[in-house]
Amino acid sequence: MGFLTLDHIYYSYPGQGSTVKDVTWQIEEGEFHCLLGKSGCGKTTLLKLAAGLLKPDKGKVYWQEVEVSKPSSQVGYVFQSPTLLEWKTVFDNILLPISLKRKPNSRELDYGETLLELMGIISQKDKYPTELSGGQQSRVAIARSLIQRPSMLFLDEPFAAVDAITREELQDDLLKLCQLQKTTVIFITHDITEAVYLSDHVAIMSGGQIVHDYKVNLPQERGFKMRYDTYFNELCLKIRQSFSGVSS
Amino acid sequence: MGFLTLDHIYYSYPGQGSTVKDVTWQIEEGEFHCLLGKSGCGKTTLLKLAAGLLKPDKGKVYWQEVEVSKPSSQVGYVFQSPTLLEWKTVFDNILLPISLKRKPNSRELDYGETLLELMGIISQKDKYPTELSGGQQSRVAIARSLIQRPSMLFLDEPFAAVDAITREELQDDLLKLCQLQKTTVIFITHDITEAVYLSDHVAIMSGGQIVHDYKVNLPQERGFKMRYDTYFNELCLKIRQSFSGVSS
Amino acid sequence: AAKDKDAAGSKQIEEVKVASWSQPITEQTNLLAGEEKSFYKENGIKVNFIPGAGGGDAIKNILTGAADIAFTDPGSLYFALDKGEKLRVIYNIYPQNVFNVVSLTEKNITKPEDLKGKKIGVYSHSSGTRQNLLLLLHQAGLSEKDVTIVETGLLNFAPLMQGQVDATAATDTGLETGKQKGLSDVNVIEVKDYLNIPSDVFVVTEKTYQEKKDLLISFLKGYQQSAQWMIDNPQEAASLAVKLAIDGKDVNSNLKIIDLRNSSSLSSDPKDKTLGALDPEVLQKGADIYQGLGLIENKLDMPQAVIQDLIPKK
Amino acid sequence: MKKVEYYSMLLLLLMLIGWELIAGPMSELVLPAPAAVFIELWNGLSSGYFLPHILRTITEIVLGLSIGCTMGFILGVLMGEIDFLRKLLFPYVIASQAVPKLALAPLFILWFGFGMTSKVVITALICFFPLLENTLTAIQYTDPNKKDLFYILGATRLQTLIHLKIPAGLPAILAGFRVSVVLAVVGAVVGEFIGGSEGLGALIIASQGMMDTPLMFAVLILLTLMGMLLYLGVNLIEGLFLKTYMKGRNK
Amino acid sequence: MKKVEYYSMLLLLLMLIGWELIAGPMSELVLPAPAAVFIELWNGLSSGYFLPHILRTITEIVLGLSIGCTMGFILGVLMGEIDFLRKLLFPYVIASQAVPKLALAPLFILWFGFGMTSKVVITALICFFPLLENTLTAIQYTDPNKKDLFYILGATRLQTLIHLKIPAGLPAILAGFRVSVVLAVVGAVVGEFIGGSEGLGALIIASQGMMDTPLMFAVLILLTLMGMLLYLGVNLIEGLFLKTYMKGRNK
């Protein structure tokens, strides 16, 4: 059994048909999985199920062989909307996961600043969330999810509000960080190139089911050049086609 | 003078340095302008200034040769976050611009449904915003901005939360609609390809200024094929380079 | 009934607004029985009862013109006269002082002197219980400083029985009700044994007195008849009170209260059998004591404020 | 649901037993035993003795509440919208609340008569403040993004108010309404303390005069029941109108 | 700012003139003219006659407010968090509000004596409800997305409460607090109506007994000033703590 296992999961919102239907998904430790799919196909719902935020109607979620009943604090989660606390500064928002439990120590404060630096928002440190641009807000949310060095990361379109250049920088930073800390990641995105560039596996979701799961055979160490690699582009095209095939 | 003119505009948020600095921008009737720039460079602020949501500290905004003092109801605006009313259904949210003034007539109701159809969310018509996925919410906001057939559209990253396939469909639909109704558009996006595909002009913003303004010389009638056109890709590359050049 | 109405119409029924110090209560059944009995109708008037919360309210209600006649206590009258209001006393409702000071027998308080150093309850600082307590203390050469006065609200016997106060100032009807509710073994000091100033009087403004003399005469006629009726028919009054008075739930207690009020309606002077007769001297004495106590500032001229000639003589 | 009702009953029973124990050694004058109170309540209800008083008080509450809440809501909206008005009027609003109504009895009687009007006015005065304060606050804390939306839609101030600020502030406004509704009961009773000859408040005064404490407690129970019914009524309204707000509430 | 103060003065002047006009033909016993009241107020203040009463009432308000609001807040939080408790306790909360405190005077005196305690208890009882109701409501309407965030962070119920629900609900909670603060003034006064010999409420009763209406109005003005100061105090606190909430408020 894997690090995180979804076993024949079903879920439906009250008064609605099944949103997630019979999903079985296995994620090994340290793997980077991307989840692609059309808007409204159930990606966010599946991610919440995997993280224990929603309880499946049928089926079970296992986390290191133990059935998940409530989210573990080992987990980082970036919601699709930034979800920051308006009454705390950016820095306090980032430290929230720690300050909930105790006063952050100087090492943690330093790490917070490092993350802000990485996210390119160190100059916004003492601002309040309402004073940030959309993309800055999402980056605060990402930094917050990383502050506890979680062993598992759930990211729901984290880079959607960020420009192309910054996005590529963030992708590289995220990859490095995850490889360093052996973080297991599930990453939802709408950008096929991003998915291929980042992940070991790309899952395609449609109508509440995982319809394809591609393995990405690229060297661990990614780089800008790789984006022009033939294998890379062929895989992107393949995914794109299976994607539109599914859509019709 | 143009349809919409920004004349040496300055703006700074209280207690902050200038966010928008000396921007002069001219937009002619029926043109489609894209605005690109790094996250936090001031795009949203500039859009709000252009729409009359913010008052410039210095400089003036003219709309059909008249100085803008308050937003005209001729305008459609999509905010960076969907900003829907949680206590109204999707359909009522879309009709809001009309129902503020009077009871929508059957023609408008029909048009509302057409827009929902176009956005691919007709099946969500009677749901409430909190019951929608992120991408569905943004599409509701887009439909709402179109319901009054505005002569001017301001779109702030409208497709950021939408998947690649749906996005391309929406791009084509939007273009068709705007060409049909001769709508003037300012469109903020982080996707360079999207910018080139959609617009007549691509403006690059950096540090609160418009640093480049590219004219896109592509036939009015866009199509899927065009994305593989050499001129198209060269322009994308050029923009990308000027973009990263700016960033360093 | 239709005939009655016609008769009344031809006689021109006039309305008299009487502001009371209380809600419509059993002891005022004769005032409330205008519909059931004919005392007022026969005199061409109709009584409109205006409730209040204390004698002060009653006087304020005539000062504002909300009422014609105030059913109030001498204390409130003194205060208002002291403030320079032009008021006239026209009828002595209860010539007998009905206030008393009640204590449990075990406390051995039998005369005003015994109250020294004790904690004594009153209804409220604005009520007649307090003023009459002060009068009583004054008669014994004591003042407010020699005792502790606390407000206990209308249920003033409760703290007495619970031992929170040594004595409580009350009225005869209050004491009677308390006894019915299980108060026993008490010593009672009656204020009237020391200073018998009236308990309640009818008061009007100078203006009303000047302008509505006839109306007042008719009203007093009616009231006198009604008081006589209540003295003669306590049983009937007690049954009527069930309907008319807000506190008239129980006929037997009504009867007891009515009996008490009937006896306090009679003058202690055996020569004067006229109901409502006023004694300016007693009122003057009361005023002087009030002044002595520092409750009022000015020396009042009570004989000048008292109007005797409106009271119907038999 | 069932469980709550069960424990509710249990708690009630415990309270009654506690009451009985405290009341046992005490004179009925101070604290009557529950049995005596319930007999009184039953008798008063079945004989129809309470009926006119209940009706009177309910009428006063309903009228006072309607007037007070309408005023409170409108004034709250105006003071929330117009800074100038808020600063101008707030001393008088506070004065209307901090001044004990009992002290102004003769003025109320003078201006509004000793009939029902003065009681209705007092009730209205007492219950208008919580609604005003909550409306005022709710209206000021509207999501600025949504305000931007309405601004760009060219909505007038009134339209923004009706379609945005009020619906968005409804939960807070209703909290104020619940407070108002309960205070209205006290308001009507206090109004009746001031020279009322009908109504439950007048009955309390009369029962005190008669030293009939069981009767007084029976009336207090009636008042509590009234308060509860009104409160539940507001909750019912909330349930009907705020279905959508509720949707996100329970996990 | 200047403009408001100007109009405020103007309105005050108008009110005073109106008062003077109404009071003119009326007996001083019913409605004294403003001049008489202000002379009384001035005399009372400068001679130090009011001082002990003011101090007494303020002490009662402060104590009652502290106890009442602490209770109201805690109970509001508990009832907001635990459905079961809400359903269980709400009848008793309503009872505590719908029952006029004046009616229970003998019980209060019996249990809490004639001294300050019974007044503090009454004040606390009166002012705890608005805070309870607003806290309860505010806590229930927390943004579900933020609740999800805290859930995923493994926050305990208490942590979620302290770091999310309470700060997010602060504007509504403070609205309740403002209502409480003003009601506390009335509470203390009503408490002093019952067996008080010191304090502004007792002074009102005494002045009524002596029919010294100018004195009574002077006390009413003192009460209004107290209410206003307390209200402004809450606003000050709000200004300090809610700076960030305010940021988005003014365009």
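To keep things simple, chains are lettered A, B, C, D and E as they appear, and every chain counts its residues starting from 1.
To be clear about the criterion, a contact is a pair of C-beta atoms (placed from the backbone, for glycine too) under 8 Å apart; a residue touches a chain by one contact, two chains touch by 3 or more.
This one's a predicted model, so the numbers in the text were calculated from it and none came from an experiment.
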Inset, instruction - Would you mind checking the shortest number of contact hops between subunit B and subunit C? - result: 2
Legend entry - Intercentroid distance (Cα basis), subunit D paired with subunit B, Å: 50
Legend entry - Interchain centroid distance [CA atoms averaged], subunit D/subunit E, Å: 16
Inset, instruction - List the centre-to-centre spacing of subunit A and subunit D in whole Å, with centres computed as mean CA coordinates. - result: 50
Inset, instruction - Go ahead and note the Å separation of the Cα centroids belonging to subunit C and subunit E. - result: 38
Inset, instruction - Can you tell me which residues of subunit C touch two or more of the remaining chains? - result: 60, 64, 153, 155, 158, 162
Legend entry - Residue numbers of subunit B (touch at least two other chains): 81, 130-131
Legend entry - Per-residue overlap in subunit E, given as positions that touch at least 2 other chains: 30, 102, 106, 110, 144, 151, 193, 208, 245, 248
Legend entry - In contact (per the touch rule at the top): chain pairs: A-B, A-E, B-D, C-D, C-E, D-E
Legend entry - Residues of subunit E touching subunit A in the complex: 145-146, 148-155, 159, 163-164, 167-168, 170, 242, 244-245, 247-248
Legend entry - List of subunit C residues in touch with subunit D within their complex: 22-25, 49-53, 57, 60-61, 64-66, 153-155, 157-158, 161-162, 174, 177-178, 180-183, 246-247, 249, 253
Inset, instruction - Provide the residue numbers of subunit B that touch subunit D in the complex, in ascending order. - result: 48, 51-53, 70-73, 75, 77, 79, 81, 83, 85-87, 96-97, 100-101, 128, 130-131
Legend entry - Complex contact set, residues of subunit B against subunit A: 13, 16, 36-40, 43-44, 80-81, 121, 124, 131-136, 139, 156-157, 160-167, 190-192, 240, 243-244, 247
Inset, instruction - Please give the residue numbers of subunit E that touch subunit D in the complex, ascending. - result: 3-4, 7-8, 11, 15, 30-31, 83-84, 87-88, 90-92, 94-95, 97-100, 102-104, 106-107, 110, 129-130, 133-134, 136-138, 140-141, 143-144, 147, 151, 171-172, 174-176, 178-179, 182-183, 185-186, 189-190, 193, 201, 204, 208, 216, 220, 223-224, 226-228, 231, 245, 248-249, 251
